[in-house]
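Here chain A shows up in two complexes: once beside chain B, once beside chain C.
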Partner chain A sequence: MDLLWQTAINAMYAASYMALIAVGLVMIFGVMGVINFAHGELYMVGAYCVVFLYAQEKFPFLLSVAAGLIFVGIVGLLMERTMFRPLRKNPLGGLIASIGFLLILQTLAVLGFGRRMGHVPPPTQGKIEIFGAILTYQRLFVIVAAILLLAALWAFLKRSKFGWALRACAQDAEAASLQGISMNQTARIAMFIGAALAGVAGALTAPLVSPSPYIGHSIIVTAFIIIIVGGIGSLEGAVIAAVLYAFVHTFVTTFFDGVIANIVGLALMFAVLVVRPTGLFGARERA
Partner chain B sequence: MPEPADAASAGSPARRAAPRIVGQVAGRLRFVALFAVLAVLPYLLSYSQQEIAVLLVINVLLVSSYRLLTLTGEWSLGHVVIMGVGAYASALLAKRLGVPVPLSMLIGACMAAGTAAILSFPLFRMKGFYFLIGSFAAGEIIRLIWKRFTDPFGGPKGLKRIDAVPDIETGFLSIDFYEPVNYYFLALAVVSVSLFVLYRIERSRIGLTFHAIHWQDRLAESVGVDTFRYRTLAFVIASFFAGIAGGLYAHYVGAVNPTRFGVDQMVYVLVWAIVGGTATFHGPILGVVVLTVINEIVLRGLGLDTARPLIYGAILILSVLYLPDGLESLGPRLRAWLRRRRREPAAAAGGEGGEAA
Partner chain C sequence: MLLEIRDIEVRYQKIAALKGVSMAVPAGGIVTIIGANGAGKTTALRAISGLEPLTRGEIHFDDARIDGLPPEEIVRRGVAHVPEGRRVFPDLTVEENLRTGAFLRTERAAIETSLADVFARFPRLAERRRQWARSMSGGEQQMLAIGRALMSAPRVLLLDEPSMGLSPVMVQEIARIVTDISAQGTPVVLVEQNAEMALLLAQYAYVLETGAVALEGPAGDLHENDHVRRAYLGG
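Right after this comes the complex of A and B.
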């Protein structure tokens, strides 16, 4: 029973950062209609921001995380301007270009920091006990930060004018531009937020995962599983699917092993693709 | 300087009027010349370059088989894993069951084709992006099974000491396939035959139907084409030849492991196909040859081994942005550009047009 409860707590931590990553990927897809294969590498870049600023240059942890968020957001803007905007008419081309970008980011990380895993000393050492299960402050911090960020994003999308524009573009880009919404401006905002969410997830979890230049691969696989299960284009679906997948994955890892958990996750995605390609929660199909 | 330009302009109407036979002979001659070059090539290379040439020949088959699949408009991310199915199957058949090696390759290729046939039922319910992700998931599952189940598949370390192709020993002739030169010729023969078959398939009625499905799938369906069956057919044939490539690889290198058939390798296949251009049969072959030469000669020569993926990535992005039809479109583009130049005042155009011709 203790093990079950402890595993549930671990799953909540996994769900929190997975949700950040998947929501970012969905935002980019929603507005630009392109699947960003380099999303896992944006996570990796965020983690290396913390490796560099916090572990090597001894800046405060929170400042390093904020820097990671902004830096990766800017990388996202760069991607939008150089690749996704010229390839707006060609979503497959955008996807393939993002694979090229993935290779570039990976190699830059290898050149800058080496192939070996980076080590980030934990900023806090403490832990709390919740009904017998142990939760380190570091993990608790990730969970709280993820909830706050997602809540802020939700408020931004529902309340602000930009949020309206963003949702309008996701629904029907042509109609939105007829209403005077600037497609470029909206794409920039979506790309910045989407990339920054991946970056901040990497930055927050850097002390817990020992970042390596090749960490993006497992991240993008996870993100794909979540957005397919949740339904591409559905932000709420992505959050629910992240929680669902995190629980499945953590429990299978604990009671069997990690490789089996990955196989189960992929099989889950495969089953959803076969049975219900719009995802479990995505009613809308993007034209 | 104006002389060569004059000769070219005088020659072109004559060439146009010449009987078709001349064109056919010229085409045959081109093939003879190509094979002559390919036959001499290994003797001009160093030992390590010969080894690269063997892998290049195998990759030509891999990327050409991939193109057959893209004819129907579907982009798979599982093709390298299918190649791995051929490699693993052939290696296990030879190692565990003692099947003689060339036969094991053939059975391995059939198993790759069989895997594709089974996968086609779930996969071809999907299209476009969903197919891409679905094929990725299916490939990863297969790869993780190799990784997890140590008993037949050897786990993360894979299979080692795979039987080599047996030596040919007759009275006057002995061929040792441990030598890269000899394996090069073996691979070249197998790949040439495979390419010929792939080419004939593409030019056949079946190949035309693949094209029709790509560009007008609803219309093709409405005239009675069973698109599901043709998509499956393309997938199965492409997988068979990918399996052959896998068998050639396994018995040459002597070791296979799950990482060798990972997404990174698939990315390289994508890069070759896209940089070369998939509109023609020779496009992807051009892509893999040009990029391998750049990779092995230029980058290795400059000592830029670590930066290799970066340059590959940059080439991929630039070609998607600026050369969407691939390297193969460079020739026609250049010719069109020259023709435009030639129409301009003779003084300016004559010299340059002649030089390029």
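Right after this comes the complex of A and C.
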């Protein structure tokens, strides 16, 4: 019983940062129609912002996380301007360009920090006990930050004019342009937010994983499974699928092992696609 | 003239959808464009809104050239376009759909006034303001699409096939709405396959055939024209 509860707490942690990553990926796809293969590397760059600023240069942890969020957001803007905008009529081209960009980011990380795993000393040492399960402050901080960030994103999308514009653009870009909503502006916002969420996920979890230039790889595979299960294009779906996937994966890892957990994760995606080809919250066919 | 199209050509790859079309829309009243499927009616409206690039010709709005401008800039200048098939945002609520129509406006009070006006004009939308647009009937979605366009406080309204797929009662309703909008001072360009309705509502009409203006004139005259009667009014 204790182990079950402890595993559930661990899954909460995994769900929180995976949700940040998956939501960003869905947002970029929704507005620009392009699959950002470099999304895992944006996570990696966020982690290295903390390696550099906090672990090496001894800036405060929170400041380093904030810098990671903004820096990776700006990398996202750069990607929009140099790759996705010129290739807007060619989503496959955008995907291929993002694969190239992934390799550039990986190489830059290797050049700057070496191939070996970085180490980030945990900024906090304490832990709390919740009904017998142990949760370190560091993990608790990730969970709380993810919830706050997702709530802020929710409020932005539902309550602000640019939020409506973003959703309108994701649903019908041409009709949105007839309302005066500029595709370029919307794409910039979506790309900044989507990249910044991946970056902040990397920055927040940097003390908990050992950042290496190649951590983006497993992240992107997991993120793809999540957004397919959730229904590509659905932000709510991405959050719920992240929770679902994290629980399944964490439980199977704990009670069997990590390889079986990956297989079960893919089986989960397969099962969802058989029952609902558009994913759990996928868009209905539009006329 | 408020809006003038001068000898425009639009090509989809090799095929010319519009081959040298000229039209003029005065600052008041209803101008209609009728014609068969594929005659280029929708393309003409899309060209005005900046959705289709011209390969020849010019479009002038309010004495300024607008062809080549991005769609959002054309909206900013006062051209609102209700596209074919309504194209409301299915996963936005009715009110959110309407507010996207006012995206470029900044004066909060004036936006609220416009919203109240739209709700007064379309009580059905007021009742359903928190519903998803996708849950509404075709007629309600058409009202929503028109309301959304009005939220931009347009100086001219382009309507593409507002009667498409609607019941006869709803077509009557749409006809009344179009007349009201024009009577209240916003000129309307009405593209219609329902030529009977369009010629009754409009003061001036253009007949498009395979991408060119085949006939034009006061709507009443065209309604009595033999060719128009045979080809578009069923006898």
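Here is the rule we go by: the second predicted complex is superposed on the first by the 278 of 287 C-alpha atoms of A that agree within 3 Å, B and C clash if a C-alpha of one lies under 4 Å from a C-alpha of the other, contacts with A are read in each partner's own complex, and residues count from 1 in each chain.
We take it that contacts are C-beta pairs under 8 Å (C-beta built on N, C-alpha and C of every residue); 3 or more make two chains touch, one makes a residue touch a chain.
The structure presented is a predicted model; accordingly, all values stated were derived computationally and were not measured.
Contacts of A:161 after superposition: chain C is touched, whereas chain B is not reached. In the superposition on chain A, the chain among chain B and chain C reaching more residues of chain A is B. Within the superposed three-chain model, A:266 lies in touch with chain B and out of touch with chain C [touch as defined at top]. Within the superposed three-chain model, A:97 lies in touch with chain B and out of touch with chain C [touch as defined at top]. Of the two partner chains, chain C is the only one touched by A:174; chain B is not.
After overlaying the two complexes on the shared chain, residue contacts for A:224 are found with chain B alone; chain C is out of touch.
Of the two partner chains placed by the overlay, only chain C lies in contact with A:182; chain B stays clear of it.
Look at A:72: by the touch rule set out above, it reaches neither chain B nor chain C. Chain contact summary for the complex, chain A toward chain C: residues 161, 164-165, 167-168, 171-172, 174-182, 284, 286-287.
Interface residues of chain A facing chain B in the complex, by the touch rule stated above, are 35, 82-83, 86-87, 90-93, 95-97, 99-104, 106-108, 110-111, 217, 221, 224-225, 228, 257, 259-260, 262-263, 266-267, 269-270, 273-274, 277.
Listed in rising order, the residues of chain C touching chain A in the complex are 49, 51, 70-72, 75-76, 80-81, 83, 85, 87-92, 96-97, 99-101, 103-104, 134, 148, 152. The residues of chain B lying in touch with chain A in their complex are 75, 122, 125-126, 128-130, 132-134, 136-138, 140-141, 144-145, 147-148, 263, 267, 270-271, 274, 306-310, 312-317, 320-321, 324.
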